[in-house]
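For reference, the structure I am asking about is given below.
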Amino acid sequence: MRIRVINPNTTRAMTATIERCALAVAGPDTVLDAVTSEMGPASIESHYDEAMSVPGLLAAIRRGETEGVDGYVIACFGDPGLDAARELAAGPVIGIAEAAMHTASHLGRGFSVVTTLGRTAGRAADLAERYGMQRFCLGIHACELPVLALDTDPHARKIVTEACRAAVAADGSDAVVLGCAGMADLCAHIRDEIGVPVIDGVAAATLTVRSLLTLGLRKSGRGEFAAPPPKTYTGPLASFGS
Amino acid sequence: MRIRVINPNTTRAMTATIERCALAVAGPDTVLDAVTSEMGPASIESHYDEAMSVPGLLAAIRRGETEGVDGYVIACFGDPGLDAARELAAGPVIGIAEAAMHTASHLGRGFSVVTTLGRTAGRAADLAERYGMQRFCLGIHACELPVLALDTDPHARKIVTEACRAAVAADGSDAVVLGCAGMADLCAHIRDEIGVPVIDGVAAATLTVRSLLTLGLRKSGRGEFAAPPPKTYTGPLASFGS
Amino acid sequence: MRIRVINPNTTRAMTATIERCALAVAGPDTVLDAVTSEMGPASIESHYDEAMSVPGLLAAIRRGETEGVDGYVIACFGDPGLDAARELAAGPVIGIAEAAMHTASHLGRGFSVVTTLGRTAGRAADLAERYGMQRFCLGIHACELPVLALDTDPHARKIVTEACRAAVAADGSDAVVLGCAGMADLCAHIRDEIGVPVIDGVAAATLTVRSLLTLGLRKSGRGEFAAPPPKTYTGPLASFGS
Amino acid sequence: MRIRVINPNTTRAMTATIERCALAVAGPDTVLDAVTSEMGPASIESHYDEAMSVPGLLAAIRRGETEGVDGYVIACFGDPGLDAARELAAGPVIGIAEAAMHTASHLGRGFSVVTTLGRTAGRAADLAERYGMQRFCLGIHACELPVLALDTDPHARKIVTEACRAAVAADGSDAVVLGCAGMADLCAHIRDEIGVPVIDGVAAATLTVRSLLTLGLRKSGRGEFAAPPPKTYTGPLASFGS
Amino acid sequence: MRIRVINPNTTRAMTATIERCALAVAGPDTVLDAVTSEMGPASIESHYDEAMSVPGLLAAIRRGETEGVDGYVIACFGDPGLDAARELAAGPVIGIAEAAMHTASHLGRGFSVVTTLGRTAGRAADLAERYGMQRFCLGIHACELPVLALDTDPHARKIVTEACRAAVAADGSDAVVLGCAGMADLCAHIRDEIGVPVIDGVAAATLTVRSLLTLGLRKSGRGEFAAPPPKTYTGPLASFGS
Amino acid sequence: MRIRVINPNTTRAMTATIERCALAVAGPDTVLDAVTSEMGPASIESHYDEAMSVPGLLAAIRRGETEGVDGYVIACFGDPGLDAARELAAGPVIGIAEAAMHTASHLGRGFSVVTTLGRTAGRAADLAERYGMQRFCLGIHACELPVLALDTDPHARKIVTEACRAAVAADGSDAVVLGCAGMADLCAHIRDEIGVPVIDGVAAATLTVRSLLTLGLRKSGRGEFAAPPPKTYTGPLASFGS
């Protein structure tokens, strides 16, 4: 069972953290690695960043398909390129927002999302609606730390922890969903500090892919997610056609 | 990691099938058993049956808590007693409809449910709404086989398979969710026959519990699902108070 | 026209209050009585309590059917066992949350619910959704008085009244729905104190049943609510099979 | 207890039928009469007709208020002028679509509406949404008989009955709601013919008003439905100002 | 291209303001005028006022049809009589709430509405739902100025401006929709003051009608909005029949 | 007033058609041109194609900003990159699905969408939900013609026309929305043939942008759509950073 976690931004340090958190739950029967996107922005904090990260993500999926990867995690809380990735891959592809929200829905009446910059909250709300998780998503809160500051700001752990505590109090929620792959390694600490379940999407998505593979479930053969028809390409992305 | 699958009807043969299907996916690091409810109806095919199965289910949860069980699967597609079970148990409790529908939502735009008697379709629709899965649930179809006939009717396999095939065609769906724990062992056969993903909730819920345990997630400590306050009881269920 | 109000908890004092409030609106052409469930918890304040109250409630319905009762009120704001009761009874069965919410919807743009313990608010929200009353339900507020304290706490009336006043102010609502059968006798007092309509579900449900009987409307003959199929039972609830 | 049923079209023969059906359920403690609007169209079959019927309806409410009427029924299935009427009247005002849909929701999972002309179906759908009854309204079907033909077409009873039978079959519904006050006297016949509950809104609304009066519930004092502020008027409707 | 803006209240001074704001955007290829309703209330601040304004509005539409008008704007934020007007007119009819909300939805994630009296907020919410704009409508706020005071109160501009500023802060919205035709001439001032887009429905609706005419789009020929069937009328509105 | 229509696929012949249809409605006060994306797939018929078209689209927006363009139309019915484009552009950016659906909602109770390949129907449904137009979108129908075949298949016009006719009949809709920019020049023909309003999104979006510019409305300054923060880029898309 080969699972690949794709960091769709191009910051390798973040990929290392992500890989560690994914490996911690993957289990001995799983071959798991994390890869960094080879093109695109260093972090994803806008619709623009997200859109520009997708070609790199899709290139990683295409390479994975040639390398025998069975399933993929998209390790950015905007779940960039999810539909397109599902067309490309024969096996399951799961976004970390998708997995985290579904997982949190099993734990009570509702969850709070704590994200990085406030400008990303709209995307999280869109995803909650898409996945049917709107009824469980009681609030989306920003701690206004940029993604890369999670790794460099000495107060990052404290800032995120306090944002989580405040979110639970404001929403009356049963759990917290961490709204950035870069928060993955804060998960256990925050849970201990605030005493409510905290969900890291990287770990949650890794286990969701693992479960789908164990169940032998692959994407449907129905038209919408069938392999995309080959196309003639123009310009620097020409290698994406076939 | 101890997982217990509870068959909330009182038919032991069905428990054996359920246990076999759960064990097939549980993994070597999991101690899993299936138990039969000790009181209630032999099968669950009405709101009345479902209500009457709940005390037996809850007794099984209470016993599990004293025996060190870490997580539970409720193996009936009506997910009977789910909220009450979550109050009783310290660890995760997952219904098979809940797990199957969430799992199916990862596979495409929508799924069909194929259930036993038409009179149970309303309950399945209620659950789809509760779990946020209504937008993925494209149709609920009955094959009009009683639950226990799944095991005794020589044509059962063929009837359910054809109902699944027809459901996919009618709904344009990407996957089929089997709407009864008693169909668990038909899953692989139907998938092979109709060529679309088929989800058995028993296996899906086993893996959902397993994932929650791996993630260290337990129910929220928030008021709604805290342990129920002790009560004085009257009549034959007096042992349920404390 | 015989109407029976069933108190699904086992506290007789509460049944007496309920009966008095129901009789006050029933009208001279109605034979109405209230009965106490013969098994289950003394009060209903959790999903667990609610689940465990259902067999007693259903036994009361079964007895009512042999005694010529025409319609029933379920006098607990969680409307426990409503679907199962509708399968058993030939005539109408109405829950007090159901009746109170529908009634309140005729009075303006929206209502507030004031309930006992905060842990029951989730159930009230589920019911509002089920009945289509979510768009009218502007808030659910707890006064954190246990059910039985409504009868014994000397400050109960004041506490509930002030909770209602605060709820209307917070929600900008047009009416208050009392979220517990045990508050039935506070209804007129609170209305006088806070000057907005206050709805007691016991009285509202009694009149809803009465109206359905006057209209000659009985449950549909459609499959979902047809009499439940007979079943073999195991254990202490064996008398519930047939 | 004085209840007035207002026929907002100007056809007196229809008022007589409506009054008969309302009196049949009103009960001996109720003084009930039906009045015909004094201005507007002879029947209501378009948005235009409905809008033009409202001044006459509101004039009838204003007169009722000076004559000591306690509650009102608006006897047209478009529930014309309901919000404005609630501002004018001190007591309850109920539309027949409102009452019929609420009543039908107590009888099972869903109902079909059978109306006159297909062009009125949109209005029925709007009302179902407004009242929160969309989830119960499984279909809206037209029999394409004009309103006044219900009284004059010798085949009317048969046409409406067959439309109801077909609607139940198409929707799998538990009940039929008659979509025109002019169908009130067909209700019992159709129920006998098709064997499912059939709801006439005139009778249902009469009992809803009666219940609200018995409960002592009047409209909220909140701003939206307070008495409308007096205004200067221009033109033929000047008597409507104050 | 002839566009007519109808002020459905009978205050001519307000019509003049409305006409000025509409002309400012209409473009040289458009012949635009604004007319004052010839019957009804001087301002619209209740459901009652709105209902009573509709006959005058519809008379203006009928006259417009005989005078070769191509499209209409209904210049009151309750969009009174919109459905009926669409039946009468061959060309497009657009309400100012409709146009303003649609327009605002193009500018970001959501808008705030700032209206006159709080009692009109319910109507604005109903319209947001009807137009599918509920997901964009983040809040409805009243400045508690009566409609006619917009023109006479020396502090009106400041009061409305501050209400808009507060609404944006409270809702985190991307734009403000002015909730009264009488606020049309405040639009540019408020935008300059608070630095977010402000939408006046009069201008927005004028351009929406203009666009529909440029596209050659007229109402559908489908039954619901076909010309209303002729009717016999009784009383002072008799001229509205046939 | 400078408006630019961007064809996000790389087929210049299609851009020419699009430009012609946009110019036909743009008006003499508008400087309008259409440009072809300089990188990406020749047509957009999958989630993958759509994702891969976005960088080219965004490059066109960036160039437009340096060239003084005031507003943009995205001329592909999947509205690719809309959120990201709104971050980049100072003025309005409108998708053709967005404009077409909003426009159609003014014409009656609901519309049908007729698109190219069935696999794109899911995206159209997602957009209808996003724009609040789900309640007006009565059906999405495919004619199973590839995008480029619209220009080359001699039967294309007839196939699309018949698909539109069938859609209206199946859905009972009031209008047809053409689900591909490549159908823009079929609009008038189909309208004439089937006798219901037909909306081409290219023309509709051109006029929506024009209206927003006339109203002086630019995107909100709120965080979500502010200019994206500059980023370091890796790989062939490096020119997209800073």
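The first chain written gets the first letter, and so on, giving A, B, C, D, E and F; residue counts start at 1 in each chain.
As a convention for this text, contacts are C-beta pairs under 8 Å (C-beta built on N, C-alpha and C of every residue); 3 or more make two chains touch, one makes a residue touch a chain.
According to UniProt, the chain labels map to these proteins: A, B, C, D, E, F = Hydantoin racemase.
This structure is a prediction, so every number in the text was calculated from the model and none was measured.
Where touching is counted per the definition, the chains common to chain B (Hydantoin racemase) and chain D (Hydantoin racemase) are C. Overlaying chain D (Hydantoin racemase) on chain F (Hydantoin racemase) by C-alpha atoms takes a rotation of 120 degrees, rounded in steps of 5. In a homomeric contact, the two copies may use the same or different surfaces; for chain C (Hydantoin racemase) and chain D (Hydantoin racemase), over half of the interface residue numbers are shared, pointing to the same surface.
Seen from the C-alpha centroid of chain E (Hydantoin racemase), the farthest chain centroid is that of B. We define each chain's centre as the mean of its Cα atoms; on that basis chain A (Hydantoin racemase) and chain C (Hydantoin racemase) are separated by 44 Å. Chain geometry summary: the mean Cα position of chain B (Hydantoin racemase) and that of chain E (Hydantoin racemase) are 53 Å apart. Chain contacts: chain E (Hydantoin racemase) has residues 86, 109, 122, 224-225 touching two or more partner chains. Note for the complex: chain A (Hydantoin racemase) touches chain B (Hydantoin racemase) at residues 25, 27, 29, 86, 92, 94, 98, 102-103, 105-109, 131-136, 172-175, 188, 191, 195-197, 199, 203-204, 207-208, 210-212, 214-222, 224-225. Residues of chain C (Hydantoin racemase) that touch chain B (Hydantoin racemase) in their complex: 10, 37-43, 45-52, 54-56, 58, 81, 83-84, 86-88, 117-119, 121-122, 126, 129-130, 146, 223-226, 228-229, 231-238, 240-241.
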